[in-house]
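Once you scroll down, you'll see the structures, which are given as structure tokens.
After this come two complexes, each holding chain A, first together with chain B and then together with chain C.
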Partner chain A sequence: MNRNLLRFLAGRVVGMVLVLFATSFVVFSAVHLAPGDPVTFLMRGRPITPESRAVLTAQYHLDQPFLKQYFLWLGDVLSGDFGRSVQFHQDISTMITDKLPTTLFLVVYAMVIIAVLGLALGILSALRPGLIDKIVLVWTGMAVAIPSYIAAIVLLSIFSVKLGWFPIYGAGEGFSDMLWHLTLPAFALALMFAGLLARVTRASMLDELSREHVEVARARGVPEGQVIRKHVLRNALGPIVTVVGTMVASMLVATSIVETAFSVQGVGSLLIKSVTAKDFPVVQAVTLLVVAVFMIANLIVDLLQPLIDPRVALGGDQK
Partner chain B sequence: MTAAAPPLVQGGTPESPRMRRGAPARIRALAANGPLFTVAVVVLVLLVLTAIFAPLLAPYDPEQINLKNSLAGSSPNHWLGTDQSGRDTFSRLLYGARTGLLGPLLVVGVSTLLGIVMGVVAAWRGGWVDSLLSRSMDMLFAFPAMLLAMLCVAVYGAGLTAPVIAMMVAYTPYVGRFVRSVARQEQSRPYIEAYKVQGWSAWSICTKHLIPNIVPTVFAQAAISFGYALIELAGLSYLGFGVQEPTADWGVMVNAGQSPLVKDVMLPAFAPATAIVIAVVAFGIVGEGLADRVAKRER
Partner chain C sequence: MADTTKSTTKKKNSVPATRAADSATPLLALDDVTLRLPDGAAARPILDGVSLRVERGETIGLVGESGSGKSVACRTVLGLLPKNARTTGEVRVEGTDVLTAGPAGLRDLRRNKVSMVFQDPRASVNPMRRVGDFLTEGLRLGGMSKKDALARAEELLTEVGIRDPKGALRRFPHEFSGGMLQRVVIAAALTSDPALLLADEPTTALDVTTQAEVVGILRRLQATHGTGMLFVTHDLELAAAICDRIYVMYAGRIVESRPAAELFARPRHPYTAALLASTPRLEEGAEPPTAISGRPVSLAEAPTGCAFADRCAFAVDRCRTEKPALVEDGTGAAACLRVEEGILA
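Take a look at the complex of A and B:
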């Protein structure tokens, strides 16, 4: 690794740590921003016993000064201790790890669909101007306007209720059963993002296609397939990967909607249920998890960026 | 983008490249954008009229429950049938345009105003406003609008208020960043320099010329954002965090329509879903169309 690359990465990591601090501070201080005292807020509508008060005081270190509370809480969170759910009196880390495999399965499944569909349509429409391009543009335009909850009800109504090909709710057990149960949720989740990716891929490809180096490669007699693969697609990859990185956070939110729509017991539907049930510690934990996952995904994107385009690491032409 | 310097009127003030035209010319120019654009504009006008005149247009009270007439199909009495509680879907759809448009209007209106102020100040002054803007952008990429809205609902309770305020906060940096880049470009134009030379204050140049000149571009972007705000607010209502039953709202209706859907009764869910998609597509087309028009005029 050269020095510039290290400096580039160090800058990104410092930026991310700052964002983590800021977001975790917002998520933490929400307990104090709420009307009333923290214990009453956290126990909303539930009877406050001396025990529950003691548990919450310990969990949020409420007997300490404000800033110390935050750092103690952050320490707990970083060591994987999110406290206990006020609704289920269960350890939150256990609740999340129990539900994580389902959500992970769903997200990875959707990602595969997004990558295949989005890239294929984007490339196709960039290379075949005319009818195919028009169809893809209209399709992606529509897909971007169809939110996941509407995609969910449309898919549900056609493929589950009318055709009976897929189950109406639940996540199933075992690989093939899960694959069968989660196909519709994955498509509902993927549709909008695949449309977005197809658009970006198309624009990025067209941008590269109009460049001189492509013309030069063609003039030198490089076969068209190789021009597209090695000169156009290779260079168009940068913006595509960046967009995938920025999609992650909103995709995790969309996951919670889709899980709710299909009654899939995952981390996303846990978030929705906890917001509904005013189970604030769980909301905090899942929110932080979303932010953390987003940051890890973007760190990966940042690590990929110099591999795709060495100029990035040299600190030169960044766009 | 190379824009010709605006003609300097002899001995007077330079004309800023803003065009002043009468209403009929504007309407004709809008129609010149193609039939799709015209249709989208008509759809939006109809939507707004529906929202305003819903009480006059709706054949029934949208909250009138009639359990004897639950899940009725389409008929001359109930064009779009009834929902599980026997409420008229068509009437609820018309009333739903109210919350459907009001929420996004508040979100986009306030975030656009704040974003213009932030963006212009960041472009003109640089410094801490500029850094604040890019830092809050970084944060909000990790914190999508809907997640912030859910956090606010968890703290302040469900209803339209918490999600709308959360989304105003979340949308502002996006508008600010966009305005900043547009303002920077506008700032580099010769006419701005001409005003500076003539001793105009930064305030006057910004309020009288810079901002009026970037407003069309920002407005086009706002139309596109309107669609997204609509999707997200309806989504929050679908989840039960936004508008609450029994109020007629498209998101609430999609949610309520999901259990009839399993019984193969499609209208209660599909009618509001179609309304959302049509509204969002129309806002998208109008936004893109306006952006194209502005871009063409700049050339």
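Take a look at the complex of A and C:
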């Protein structure tokens, strides 16, 4: 078992490194695939002074051959140096590490809402077919169709503008203040994903509810609550964990919309600003970050699956 | 939780007394049990006037083709009714009616008095939990400590012939073969030392040699624990080999009941005879099996008279309109209008 685990982990880490390698190559060469002089591309629309040209040439090693440029850039990236923002003239690593806590707070907050809301509604609608089931289906249908920026605008206009319960912008300082500031953004971010999770939970629970071993447990006099917890919900966890895992990276991307709508200074709003300003080095850094998060989340999901279902071998094959 | 512990302790002290004193009340008695399911406007009948008895320590067979209602009858004994089912009649276990029992009564019944072994062991055990969890679940509900429950489970695994029972407790269901897993299921059914075991085709999902072993284990344990058993099967020959008495069911009704040897030697109902003729025999010079013509009908689609009439070689006009009652004869009972005429002789 332990040897299997080690071999599996080694394989996955090698795979992750390869994917990150490929991603970094694509991300890097995009600058060079764009037509025209890379410096003009990197400075998009801003006046190019001889100094800025010199800085960019040095930073991107533009005087070197292409592949050499790439490896030099990769070396910098691996040592944590993503270069400087063209727009803000700041070190990108510092910018991201400054903004990351806010975004992480927002994502974790939204995750808690998603887990509580999504699981509760999914379980309820599986166990109580009828009104709750219909409400969840309609809501999840809407939630999946309504993008987070609409949710953000609606939440803002009701709870901030009309009722004045929550601040209109900013992330706040300190835990309780952040909690207060980020409540609406977290809900705006969470609603769609919670709908998705509720649907997956419902489907998975219904699937398990019809199993014969559930009937056997009832036939042995196991109380219904315990049947639901230890047999139905317990067995339904696989798809739930998988969908939560895939959500993490999507949420990171979705923070860009929500953070922008609520003027929260996080990694997400930084991404939007950089894309609109063609601040390419920042886009590169955030892209690599999202890909890394995506792969780590997937790895964690794959490690959890055999713990949930003993028939699943590491790597996802069914025995 | 409190009433659980109370009921177990009560059971522990009073069981031998009850078993001795109430020897007059049958272990299991179904009296004129009818079960209907709502199907659109008209209710669809599944069981119709089923009466059946199992005495302490006895093995009773329940045979019939697919869809005749054998499983539904078994589940009814545990109070596991399909949603929206409507029942009439009485199902009494040690004198207590199941159909009118409250949640506490049902819990006591299922935990302490009656256990059921289902057809497919693969489907009846939660694949994601350890075999030990499965075996001890019932004992733990009764308030037993984890350690004691595991010790008891280990004992039972030894009894059903599982090698390395201690290791087996730590393993998962998919690590067992079908036959071994059915042994585990049987062990689990016996953890509560039930007075009645419902075995719903416990060997159908297994291969032939394993079938014989599992039946052997069931018989042995039943004898040592003094458990009454209702054994459901398609296989008349198997039923005849192990049962004291057999009930033959067709389309939700009991059509014949008789001591096993007698039923096998001299069936009175044409359906039983057809069922026997369709069972391959092992002895020399036996006739080759002949399949029953037509397909089994459900009670809902059966004619108003005898449900078997359309497939019966002896049917006359009145069989289709007049419902035959189950009439007692010397050794048992048969529900056939022409039984007196000696049509099968």
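Following the convention adopted for this analysis, the second predicted complex is superposed on the first by the 297 of 319 C-alpha atoms of A that agree within 3 Å, B and C clash if a C-alpha of one lies under 4 Å from a C-alpha of the other, contacts with A are read in each partner's own complex, and residues count from 1 in each chain.
By definition in this document, a contact is a pair of C-beta atoms (placed from the backbone, for glycine too) under 8 Å apart; a residue touches a chain by one contact, two chains touch by 3 or more.
Fair warning: this is a prediction, and the values are worked out from it, not measured in the lab.
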| item | value |
| --- | --- |
| Side-by-side fit of chain B and chain C on chain A, or clash | fit |
| More chain A residues in contact - chain B or chain C | B |
| Which of chain B and chain C A:G141 touches, first, second, both or neither | first |
| Touched partner set for A:R218, first chain B, second chain C, both or neither | second |
| Partner chain in contact with A:I153 - chain B first, chain C second, else both or neither | first |
| Vertex chain A angle, Cα centres of chain C and chain B, expressed to the nearest 10 degrees | 80 |
| Which superposed partner A:A249 touches (first chain B, second chain C, both, neither) | first |
| First (chain B), second (chain C), both or neither touched by A:V241 | neither |
| Contacts of A:A203 with chain B and chain C, given as first, second, both or neither | neither |
| Distance of closest approach, chain C and chain B, by C-alpha atoms in Å | 20 |
| Set intersection of chain A contacts, chain C complex versus chain B complex | none |
| Interface residues, chain A side, partner chain B - complex | 15, 18-19, 22-23, 26-27, 30, 33-35, 41, 141-142, 144-150, 153-154, 156-157, 161-162, 168, 246, 249-250, 252-253, 257, 260-261, 271-272, 274-276, 278, 280, 283, 287, 290-291, 294-295, 298 |
| Residues on chain A engaged by chain C in the complex (per definition of touch) | 211-213, 215-223, 230-231, 234-235, 308-311, 319 |
| Touch list for chain B against partner chain A, complex | 135, 138-139, 141-144, 146-147, 150-151, 153-156, 227, 231-232, 234-235, 238-241, 251, 254, 257-258, 261-262, 264, 266, 269-270, 273, 276-277, 280-281, 284 |
| Chain C to chain A touching residues, read off their complex | 75, 78, 80, 106-112, 115-116, 118, 120, 123-129, 137-138, 141, 172, 174, 188 |
